Amino acid sequence: MSNRPKVAFYWCASCGGCEEAVVDLAEVLLDVAAAVEIVLWPVALDFKRHDVEAMPDGSIDLTFLNGAIRTTEQEEMAVLLRRKSKLLVAFGACAQLGGIPGLANLWDRRSIFDAVYADAPSTVNPEGVRPETEFREKGRAVELPGFYDDVKTLAQVVDVDYLVPGCPPTPALLASAVEALLNDHPPPRGSVLAPDRALCEDCPRRESKPETLLVAEFRRPHLTMIEEEKCLLSQGLLCLGMATRAGCGAACIRGNMPCSGCFGPTSRVKDHGAKALSAVTSLIDSGNQEEIDRILATIPDPVGSFYRYGLPASLLRRKRLET
Amino acid sequence: MSEHKSDIRTGVYVCHCGTNIASVVDVREAARHAASLPGVEISREYKYLCSEPGQALIRQDILERGLNRIVVAACSPHLHEETFRTAAAAAQLNPFHVQMINIREHNSWVHEDKARASRKAEKLIRAAVRRVAHHKPLERVRVPINPAVLVVGGGIAGIHAALTVANAGRQVYLVEREPSIGGHMAMFDKTFPTLDCAACILTPKMSAVKAHPNIKLWTHSDVTDVQGYVGNYRVKVTRWPRMVREELCSGCLECVAACVFKEAKVPDEFNFGLSKRKPIYIPFPQAVPQVPLIDMENCIQFRTGKCKKACAQACGDRKAIDFQQGEEIKEVDVGTIIVATGSKTFDAERAAYYGYGTYPNVYTSLEIERLVNACGPTAGRVVLRNGETPKSVAIIHCVGSRDENTNRWCSRVCCMYSLKLAHLLKEHTGAEVFNFYIDMRTPGKGFEEFYQKLLNEGVHFVRGRVAEVTEWALDQSEEGKLVLRVEDTLLGLVRRIPVDMVVLSVGMEPHADASEVRRLFNITCSSEGFFLERHPKLAPVNTFTDGIFLAGSCQGPKDIPDTVAQAGAAAAEALALIGAGYMEQEPNAAYVVEDHCSGCGACSALCPYSAITLDAGARRSSIHPVLCKGCGTCVAACPSGAIRQNLFEDEQIFEEITGVLTHG
Amino acid sequence: MQALTLRKMKFQREALPQWVEQISDIPGCERVYSCIQCGTCSGTCPLSIYMDFTPRRVIALVREGFRTEALTCQTIWLCASCYACTAHCPQNVHITEVMYSLKREAIRHRMYPPRFPIPVLAQEFYKSVRRRGRNSEFWLVLRMALRSNPFLLLKMIGTGWRLLRTGRLSLKREKIERIQEIQKEFAAPREAIS
Amino acid sequence: MAEDKFEPRIVAFFCNWCTYLAADLAGVSRLKYAPNLCVIRVMCSGRVDPQFILDALAKGADGVLIGGCHPGDCHYQEGNYKALRRFRLLQRMLEDLGIERQRVRLEWISAAEGSRVRSVVNSMTEDLRALGPLRWNSRQASPAGAVEAQ
Amino acid sequence: MKADDSGLAARGYLYYPGCSLRATGVAYEESLLTLFRLLGLPLRELEDWNCCGATSYMSIDEGAAALLSARVLSLARQQGAEDLLAPCSACYLALRKTQDSVHRYPRVQQEVEESLARAGLTLLNSTRIRHPLEVLYTDVGLPAIHTKTVRRWRGGQVACYYGCQLVRPYEGVDKAQNPTRMEELLQQVGVPVVDYALKTKCCGGSLTGTLSEVGLRLNYILLKEAARKGAEAIVTVCPLCQFNLDAYQRDIRQQSGERFDIPILYFTQVLGWALGGGVRELGLHRAVSGRNLIKRWFQAHEPVEAYV
């Protein structure tokens, strides 16, 4: 057997974009592939759960797990891989913060099932079939994973050694992560493998930002002629760059779109959305309540705007469950 | 960064405050609970922690048990935080490793359920213990104190404060809204209880102000802007034009004599219209400065532009009269400010049932002060509007005081000045004088004796609040008189008493613009609208804004002795700061952790003191430690958690939240 | 002229503090405790000069819990509820309301002089309205007089005649149509009256 | 500590210059009010970071009360306005997360309004009693929400 | 607001006479209806109204008094009134007081609502309780009164007397201290008024009947002071005041030994006359005292143009 470090990739509740990021390593991928031995990668190669179970504990040097935890099966795999791996990396926004799937925390299992298996206009389900965790026919039993009320981050179910932010993480970030983690002096455990400053730091438009920035109205990208080169916030666009960790190279801004916060907060911030909200509202140019409310009304969906990627990782984690 | 958990050695001290706390909160249990908390080395309860032995106890524990954190559960930090910080410092512990929590004002005094109050105390202690672990050693910032002092208001309070400071060799700027200093006291004839002549004791002080090399006197002026902070205030004073140039005027008053108005026609403000003045005038003979002014409503020159300007001619080549004079803005830097803006008297027309404004012979006490005044409108002759001498006078106390429908408070001076007026009126007219009082309040040196004197002068004292004053006559004896209907509560009988003259002893109330003035100086008002002192007993002339002090009746109704005493105290406070040369500021400023800042600038717009500067090049913000007043608004706003605040670090507050919410 | 030997002294055992609390609990009577005994009420009251205790003293009796004096004095019956005292009171004591509550209690416990016309009038008024929904002045006065002091009628004849002549004395007994509504309203158990 | 009847837990952030003093005044005047709130002192209502509010709710507070100076009276000129701006949006967001308006209140209470402290605390306590417990920490976002069972 | 303002006319007022205006105070009702007719303001009578509860009622059972007023308020709302016109001071006060305590004391509100419910009624506490004086002053307005005047005043000086319960404790109609609206209205039609210090002193209400010595004395004082001020008549706003001052002048003479024969008018009579009402339709013939003077003052004479 080779003594190349054993690396695993696994996905839970995710869109596959993070897998794309791996593939996007392109020729770099070949070097990586050469440098490491990939022992698990369901997207690309066929592995079964028992293959993993067969591995001795701690035999995987490095596991990149992307996607959030939403089913029992995903939680079991997370636990299993944790046991098998020396280092477990939460890879991408979903694993780190809950990601887009995390917005499901605005509902609960029942309402989601109602929507999917009954209410959705596209649903044809005369028998009103619902997913069941156990299904027996002719004495044979099939088990399906259980479905949680909550979407959780990886760190909410197992200990995580490192986190790589991004939706998806940039190939560059992945490459540097692999390199950083496999060399002799890895960064302190628990660190997020990206700069610990806000995106404004790297923003190509920062010079255009006015000395004191005040906003009298928030505008939505698809309804706005967005000026190139000009600070997006100063154009009234809800850009979360000032509250969001740098490391993406300001990709969205270069694409003339405001930052929506997929890299999550800096290490000092407990709740990305709350801080973003606090900062954004500080820019409102009014002292009178009606005026303030008028301006705030131009932010259509606070939760969706400030917690787009991080609801499960936020202090409240979800919408209140009816008790 | 706070030390590693294991190095935290906290001492918790629970105060009984006699029975103030102990009678409601189970202090023993609280201390026992504290002992069980992580990092707590020792916890004690003690009768009076603020007492010397109490502090000694803490100092001793620090030294002997190597405590490095102190939690004191007692009264409001506004009261004793300083005490315990000093105690800690005396034992070589950084004073800011002390956290105080309030289980008296916020707990034992406001809760009745002892069990729950005790549990609440434990929660608060838990919170403080967790918090204090994250405290860091801090240094106080020293702010230099500009030795110049601004005194606002030229009544007896302002005059005395100004002179005291000036005599200590410090520069004073004295600003008075009216054309002359002197305030209400200048209107009085005599002062109680000694009956010495007000003018004789006030006038010398007024001229002293004018003459004093260290006092810059600006009358007919308003403070229109105040910027800065303790030790370094920048003040704008607007000097309204009096149309007579102060620096050129010799005070000869030829202009007044020469005015084309041969006899005075304009109601005289200083005498409440009891006499008339000319359009160019000085408010009263002893006015300081002795400089006339022109009132533009009535001056022909200003109304028609066609006056032969006799005044200007009379002034001759001094050319003091200047019809073009405009307002003038003075800007001065001072270190401390004494607010002595005084109060006004209650508007008697609000008490319609006493007929002031309806019946000509109903007067306010201030009008009577002028009538009995030797240099008043009648040269001291007390006469009714029709020129006759009153044979009977009624003095009604508590008009606009102790009344839910107008002002609820006791104005403190009315009883005594009513006695004084009773004496003077009797002396001047020999009239039969009735005093109508609810309670006779004579708490002061020589006051009760004065009351005795009046009793023996045969003045009537009827205990009862007059219900109404009317001209309604039941029979001949009442025809043409003002008739009072009142219950003599001591006789338990209702009486009708006809008199020639009624005097309303009006109370004191805040100036109409008190709330604007308060905002100007960033100080607080009590619910009545008087300015609020920092502490009613321990800091009676301080405000919640450092370097701004209160004197006189702007802080509450006061007589002359108390006013002067308070003015002296305010001056002393100002001089104390100046003497020290600097003031130590609470080290609660916000600061930017450079490496964490991305220069997003979210903070810049927030700072009311423009203490935040964004270095665009370096892409970092920074905060000026002295300009920052420590409100923490920018801290709450900083989206990347790069701004922190001493004494109110995020961790510290999160720990408090956890503390008050964890069960047990 | 009272006997020279009449002994006047209030013993604290006669005071009923809990009664004061009951009174102060009645809507409008909250502020009895705030009275500063200034006498404005008595001074402004047009009837105080006929009262045995001035209104101020009645409030004092109430504050001190001397129930018997407060309920048996004539003052409460002389009060014509003109609200002058209430409007003038510097402490916002609603004296008129206090008087009302004392009258009510006095009537409930029959603590007024027998055949004393004022409470009688009140009761007759009350009855007729309960029965008919309106009151008819003529019949009201008639019954009042009969029940208290028939001689009153003699006094009234003159006036009565003049009113009759000017068509101001209606002998009609007014009644509303849906009297049952009022009776239903009063269905709930209330403290019994007369 | 188990309570027979539900007693809401209120975390309060009072500004040092107005509301904290008002609470001191309430004490000095011996006004009695519900012992349901614990006050955390901040220099200005502007210091109240929305994170504090969320953290308190997440850790089991049934309500959060923020006390500041009246508009125009802020010791720091307009910190209370900044607080207001944050608060208005936060309140909307909390409603979207199923947290009723009455649970998070911003009140202007000047140093002279001791009695207002009493009335606000009492009324808020009543409101929360009516609303019932929030108990975010125990019920919400439980480590593993139960599995669908038919 | 002008009287002929269609909106006002259209809205109209629901009118609650109260017991007195159907007996001793009938002249008040007559003159009121006439005056409003002349102003073009329809008055609709509250159907099946009941007694307001009034003064002597409250001294038995305040709760019950409240219930009576509550029924009136409830009917008023049912019958679609925003404004309920209560000319009698006692009624006015009783209704205001009920409204006030329902709104101020939850327990009162509860009792009232429950009791009404038993009678199948609901309390809608939003009805505005109005007095003619206030309506004329604020809704109609002085100018309107002035322009609608068709008769010059031939009479002498009068004293305006408000009595007690209309201005106290609620200040809705006029200020409690020295009210002046009646004077202002009368001056619009050229009636000279004297300054009358006792304008809000109490007439003793029902005391004239129960403790006549006292009641008469109070009214004696009122008459005497008015006369002393040179008033030849007293103008009132309340049926009870009018009754006491008018009906007892002979008894007062017996008691005081001073003779009075002073007309006691309703302000609605004086205004109604100025606007062209007739003697009988204003109930002027119902006066007990000062009948001769009334005859002299109120005789038809040359119309309008002469005036203004």
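Here the chain labels run A, B, C, D and E in written order, and each chain numbers its own residues starting at 1.
Convention: contacts are C-beta pairs under 8 Å (C-beta built on N, C-alpha and C of every residue); 3 or more make two chains touch, one makes a residue touch a chain.
Here the structure is a predicted model, which means the values were calculated and not measured.
Student: Touching both chain B and chain E, which chains are there?
Tutor: Joint contacts, listed by label: C.
Student: Can you give the shortest number of steps from chain A to chain C, where adjacent chains in the path must touch?
Tutor: Minimum number of steps from chain A to chain C: 2.
Student: With chain centres defined as mean CA positions, report which chain is farthest from chain C.
Tutor: For chain C, the chain whose C-alpha mean is farthest off is A.
Student: For which pair of chains is the number of C-beta contacts greatest?
Tutor: C-E
Student: Considering only mean CA positions as chain centres, point out the chain farthest from chain B.
Tutor: The chain lying farthest from chain B is A.
Student: Quick one: report the Å distance separating chain B from chain C, using the average Cα coordinate of each chain.
Tutor: The answer is 49 Å.
Student: With centres defined as the mean C-alpha position, give me the chain C-chain D separation in Å.
Tutor: 50
Student: For chain C and chain E, let me know how many angstrom lie between their CA-based centres, rounded off.
Tutor: Computed value for the inter-centroid distance: 24 Å.
Student: What is the distance, in whole Å, between the centres of chain B and chain D, each centre taken as the mean of its C-alpha atoms?
Tutor: Each chain's C-alpha centroid was found; their separation is 33 Å.
Student: Residues touching two or more other chains, restricted to chain B: which are they?
Tutor: 353, 606, 633, 636-637, 650, 654
Student: Two-or-more-chain contact residues of chain D, please, as numbers and ranges.
Tutor: 49-51, 55, 78, 82, 86
Student: So which stretches of chain E touch two or more other chains?
Tutor: none
Student: So which chains end up touching which?
Tutor: Those chain pairs which touch are A-B, A-D, B-C, B-D, B-E, C-E.
Student: In their shared complex, at which residues does chain C touch chain E?
Tutor: 27-28, 46-47, 50, 78, 80-84, 86-87, 94, 96, 100-101, 103-104, 107, 117-119, 121-123, 125-126, 129-130, 133-138, 141, 144, 148, 152, 155-156, 158-159, 162-163, 166-170, 174, 176-178, 180-182, 184-188, 190-191, 193
Student: Which residues of chain A touch chain D in their complex?
Tutor: 72, 75, 106, 108-109, 113, 130-133, 146-150, 156-157, 269-271, 273-275, 277-278, 280-282, 284, 286-287, 289, 292-293, 296, 299, 301-303, 306, 312, 314-321, 323
Student: Within their complex, state which residues of chain D touch chain B.
Tutor: 1, 7, 9, 11, 17-18, 20-21, 23-24, 26-28, 30-35, 38-44, 46-52, 55-56, 59-61, 72-73, 75-79, 82-83, 86, 110-113, 118
Student: Where on chain B is chain E touching in the complex?
Tutor: Residues 352-353, 358, 470-474 of chain B touch chain E in their complex.
Student: Under the touch definition given earlier, write down the residues of chain B that touch chain A in their complex.
Tutor: 595-606, 614, 616, 619, 633, 636-642, 650, 654
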